[in-house]
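What follows is a set of structures for review.
You will see subunit A twice below: alongside subunit B first, and alongside subunit C after that.
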Partner chain A sequence: MFPKPIEKQSRAAQISYQAMLPLALLLWLGPLLAVALFSVKPAADFTNANYWGLPSSFEGAFNYGQVFFNSDMPRYLLNSFLITIPTVIGAVALSCMTGFALGIYKFKSNLWIFFMFVAGNFVPFQILMVPVRDLTLQLGLYNTKTGLVLFHIAFQTGFCTLFMRNFIRALPFELIEAARVEGISEWRIFWYVVLPLMKPAIAALSVLIFTFIWNDYFWAVVLTQGAESQPVTAGITSFNAQFRAAYQLMSAGSIVAALPPVAMFFLMQKHFIAGLTLGAVK
Partner chain B sequence: MSAVDTPEQESWFHRNQQRIAPWLFLAPGLLFFMVYVIIPVFQSFNLSLYEWDGLGSAEYVGFRNYEDLYWEWVDRDAFFVSLKNNLIWLILYLAAIPAGLFIALFLNQTVWGIRLYKSLFFFPFVISQVVVGLVFTWFYDPTFGLLNEFLGVFGIEPLNVLGDERFVTYGIIFAGLWPQTAYCMILYLTGLNAVDPEQIEAGRLDGAKGARMLWHIILPQLRPATFIAFVVTIIGALRSFDLISIMTQGGPFGSSRVLAYYMFEVALSEYGFRMGYGAAIAVILFLIMLCFIAYFLWSMYREERGH
Partner chain C sequence: MHSIYKRTTAALAMSVALVVPAYAELTGELRIFLDTSNPAPRATMEAMIDRFAEQHPGLEIETTVIDREAYKTQIRNFLTADTPDVATWYAANRMKPYVEAGLFEDVSDLWAEPEIAENLASTKGAMTIDGKQWGVPYTYYQWGVYYRKDIFDELGLSEPTTWEEELANCQKIVDSGRACYTIGTKFLWTAGGWFDYLNMRTNGFDFHQQLANGEVSWEDDRVKQTFANWKQLIDMGAFIDNHQTYSWQEALPFMVNGEAAAYLMGNFAVAPLREAGLSDDQLDFYQFVAINPDVELAEDAPTDTFHIPSNASNKEAAREFLRFVVSADEQTEINNGSNLGQLPVNAKSSVDNDKFLNQGFEMLSSNSPGGVAQFWDRDAPAEMAKVSMEGFQEFMVKPDNADKILAKLERARQRIYDN
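Showing the complex of A and B:
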């Protein structure tokens, strides 16, 4: 293990390490903790310039209540879920198939198609912006959740295919050969042999895509406009305009908007990190 | 496949199953990807030769959009500022890699509770950039921001980071480095976990330790993690849009624009709907990105060949 395990060092080193950990964490999350502190303060603290002292009264329940019952925030949150969940299902489903095709079969254009998915996944959003917006307008899907979902599924298929294909490549190929010898059709091989083995990859991709799509801002701004279809990342700017200078409410709103992916991360930590670090180890 | 009814068709299908199957599996994903990603890239290239407000008919203008961009460059105008800021982003954003390695080395211990510490250090990456932008806007706030509270302790006058043309881009990059460093950290933590203990022991016997050990024995084994960290950091730097949009909207006086934001501004904001001009900016950004994409694909290609 590198660096040298702290247990093997002097007592003083151990104690100072243990003391440094919480300090470093406090420093690292400082800006975020500040927002958390803001979100439980009463409005009066801001008018009295009591920014950093203890809250003069604990108004967490009131502030978060305002966010949930007195603003469009629940609407935005619901939109975010209605955009994120279908995208996760769609992109994962499509990429299970593309990953299977590119991971199992040998044909001439295999590597080129694979590279096309990878390259497409890296292009700057701006080069897609005008044509995609135009296409969405023509389909009559501008300012709808469906329009946003369709684009997200298509774009995420690039990354998901990269992920799935590499995962399937690492499966034992003998399994498929054995199934073919048995005369099982290709579709059944996919459904009954390969798909059950892909569960960890599906779990990892689902949490990753959930986070990516939940946190998307650019496409939300380009393809949607009002509270009826905007996800929370885009909605929060309108929210902040509504509660301008009410820092306690803007802070509470930000925390609410950030929470679902955070919860997802803590619940599915193992899968999340396995997904993010795929390829980081040989 | 059960849709195939007649016996003749079925036998033909069965004979050619292994040739047809991959294309059937590819079809839906490929169709989506073509329509929404690959074709739009070419459409943007085409559009950059037109003048179009998004509604009326488009007028062919040849390379005039690019000519205009060239003059903006010569006059040190918005395009020049955006390109310059993109370069600053690219260079400074790479700091996330050593910073992530540093934190990973700091946290790569097995003391009690370390798993929770690792998760909490990773936290900023999970939060949306919109929230990161808001958090840092308040962090830099000249009247109550934590930064100025901190500077005040040393008797330094309050800085208006986001309102000052000299600091604004660096301020936004610093905010962006926060989640990006967390990402690099997790890559390195995973990499460090897989470092071969025997090589470390061998190194220790040879008297290597500290920085020498890191450089000669650990880093070579972390190469795959470094490669991914490099890829995601470059992509992240060139995609920077959310933070700029939330924190400054390109200001003050357009001094924090980057190509990604400038393009959006030209094509879709109150400055008018100049789709063709925006497409030309997007093409430039795409060509910059293409250099890196080509390098990534080349690396992957060599890897595939190696197998």
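Showing the complex of A and C:
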């Protein structure tokens, strides 16, 4: 399943690998580097077609200053946190419970209910756009953070349930049976026996969902408008002025917006990688 | 220079306020919705509203600034429910849906007042639907040809005024290895500007508006003549290559680097060109040349406006605010170089000491007898504008497809204007 380690390849393969890797990396990171570079350039560099060269003057402090003190970016960032954190808590909490129910109890339609959760993942979310917008409008939740959070929780719970159920299935069932023999109520089994064992899964899933929701652009644009409710991904477009797009500010804003998930990734790297593989191999 | 000017107006405003202690006392709440969400215009508008508030201490003013793009969708909601007393929008066809739905207040009474009737004549047409006026303008800007004077000097060219001179100039520029015009048609509207000018110069302002209103066939010989003129430029290589892949901003470097000599664009192009290092000696402006000597010159000058929604609750204060916005002093102030940097709509206002604003003001107030158009995507209904601008772009890439494109636009016209 895994490719042969590079140390075991022939010398020629090793050398070409070492030569190609930095090149591929540079190509891969090219657009990101361009954004980072643009965020410290003056506006004039764009008009001069200085897309890839060195900045004609260093405007990093000015651009980032504009982003933080002269735009709605701080507000958008706060919105992003106010949307992402409740969603993570809500989706993870719900899926712990659904995962427990589907993983532990054997009832007739167990598998069908599980399939329904999984099936939700196969629905392309774009086709939900119009009905969900109408629904939030009728509920009076259009253009509110609550509306966005509720939808994200509902939609993410499908994937989270798949993840949690499979994780709980892998736990030794004897633990639960032992607890039952002791006469512990089901609720306490969940709380004191299963939940502590699920900590790695909860951590991994939280990190994963955090980046999913933070990076969401589609629903942010469909369900919210304006600085009072939109998250930062949608807010970056506010640097499109009436006539001109302020690319240097948009770049600076993008870098700022990308920092929380990147920080999350590096701090929780272990959990993140665990999260990607946990559900996959049961 | 500027600060002195600002201080004098401030002093003037203060002395006026001292001598004339407010007009009729206005009370209640005045809710203003703005789409001027970018930092500079936003500050300009908020400062203007503060000055208005000083004159009317009894008035409680609440200002809401909405992102310009979001505003375009939200306006449908807020004109019907939870309606403000004053809202920004655009002139001509862009306000038509709301006028026809009865959502904008008829403000013809304001336009009958001599102060406005005499000084705002140039934009009256753009505010008129069915013989009534539905709002007031607060700023507009000119379109025209911005060109590299140093390149013109190097080739011994002068500003053209006729189509023949234009073609002769262009041939020389092409022969020197440059393109005559830079343009980026990726987002279509820039091609709409070219169509506006070519059609208005070939067939006149009235015909152009009839076409925008769907009253003339796209396969009419007059439209074909417009496209034939356009084809002359395209065939001689007047435009830069691959323009369909550039945004209007991405097309600027060609002019800055000297690969193209000119740009048909709105006045907002001046700021980035100056930032990029072109001095006012290198950069100049001329009015789009006459093509058909029998038609009067008409210009594109998109106008931004204030309206009173029909459902507004404090219409008296709203009217006073509209009067305030178009007054000569306020117009001078909000349109100066450190604020909006555009043209004042009041003929008694003074234009900021800027080469391009002065030329534009002069052109629009004295050399545009045919009328003032709002730009193709504001004059034509949204759906027709989109289809037709796609056609213009295709035509600029494949000029030989003209007949096919016009046939397609004609089918679109019959479908769109029918309902």
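Rule of thumb we're sticking to: the second predicted complex is superposed on the first by the 244 of 282 C-alpha atoms of A that agree within 3 Å, B and C clash if a C-alpha of one lies under 4 Å from a C-alpha of the other, contacts with A are read in each partner's own complex, and residues count from 1 in each chain.
What we mean here is this: a contact is a pair of C-beta atoms (placed from the backbone, for glycine too) under 8 Å apart; a residue touches a chain by one contact, two chains touch by 3 or more.
Here the structure is a predicted model, which is why all the values come from computation and not from measurement.
Contacts of A:Pro172 after superposition on the shared chain: neither subunit B nor subunit C is touched. Shared-chain residue A:Trp52: touches subunit B; no touch with subunit C.
Once the two complexes are overlaid on the shared chain, A:Ser71 sits against subunit C while remaining clear of subunit B. Shared-chain residue A:Ala44: touches subunit C; no touch with subunit B. Using the contact criterion defined above for the overlaid structures, shared-chain residue A:Gly226 touches subunit C, although it does not reach subunit B.
In the superposition on chain A, A:Gly30 makes contact with subunit B only, not with subunit C. Of the two partner chains, neither subunit B nor subunit C is touched by A:Pro196. Counting the residues of subunit A touched by each of subunit B and subunit C gives the higher count for B.
Contacts of A:Ala241 after superposition on the shared chain: subunit C is touched, whereas subunit B is not. Note: residues 49, 237, 240, 247 of subunit A belong to the subunit B contact set and to the subunit C contact set alike, using the contact criterion stated above. Within the complex formed with subunit B, the residues of subunit A that make contact are 1-7, 14, 17-18, 21, 24-25, 28-32, 34-35, 38, 49, 51-52, 94-95, 97-98, 100-102, 104-105, 107, 110-111, 113, 115-120, 122-135, 150-151, 153-155, 157-158, 161, 185-187, 190, 211, 214-215, 217-218, 221-222, 233, 236-237, 240, 247, 250-251, 254-255, 257-258, 261-262, 264-266, 269, 273, 276-277, 279-282. Those residues of subunit B lying in contact with subunit A across their complex are 1, 17-19, 21-23, 25-26, 28-30, 32-33, 35-41, 43-44, 47, 54, 105-106, 108-111, 114, 117, 119-124, 126-131, 134-136, 138-139, 144, 146, 149, 178, 183, 186-187, 190-195, 197, 200, 209, 213-214, 217-218, 224-225, 228, 235, 238-239, 241-242, 245-246, 259-260, 263-264, 267-268, 275, 278-279, 281-283, 285-286, 289, 292-293, 296-297, 300-301, 304. Of all residues in subunit A, those touching subunit C in their complex are 42-44, 46-49, 70-71, 225-227, 237-238, 240-245, 247. Subunit C contributes residues 37-39, 41, 66-70, 73-74, 247, 249, 252-253, 256-257, 266, 268, 271-273, 275-277 to its touches with subunit A in the complex.
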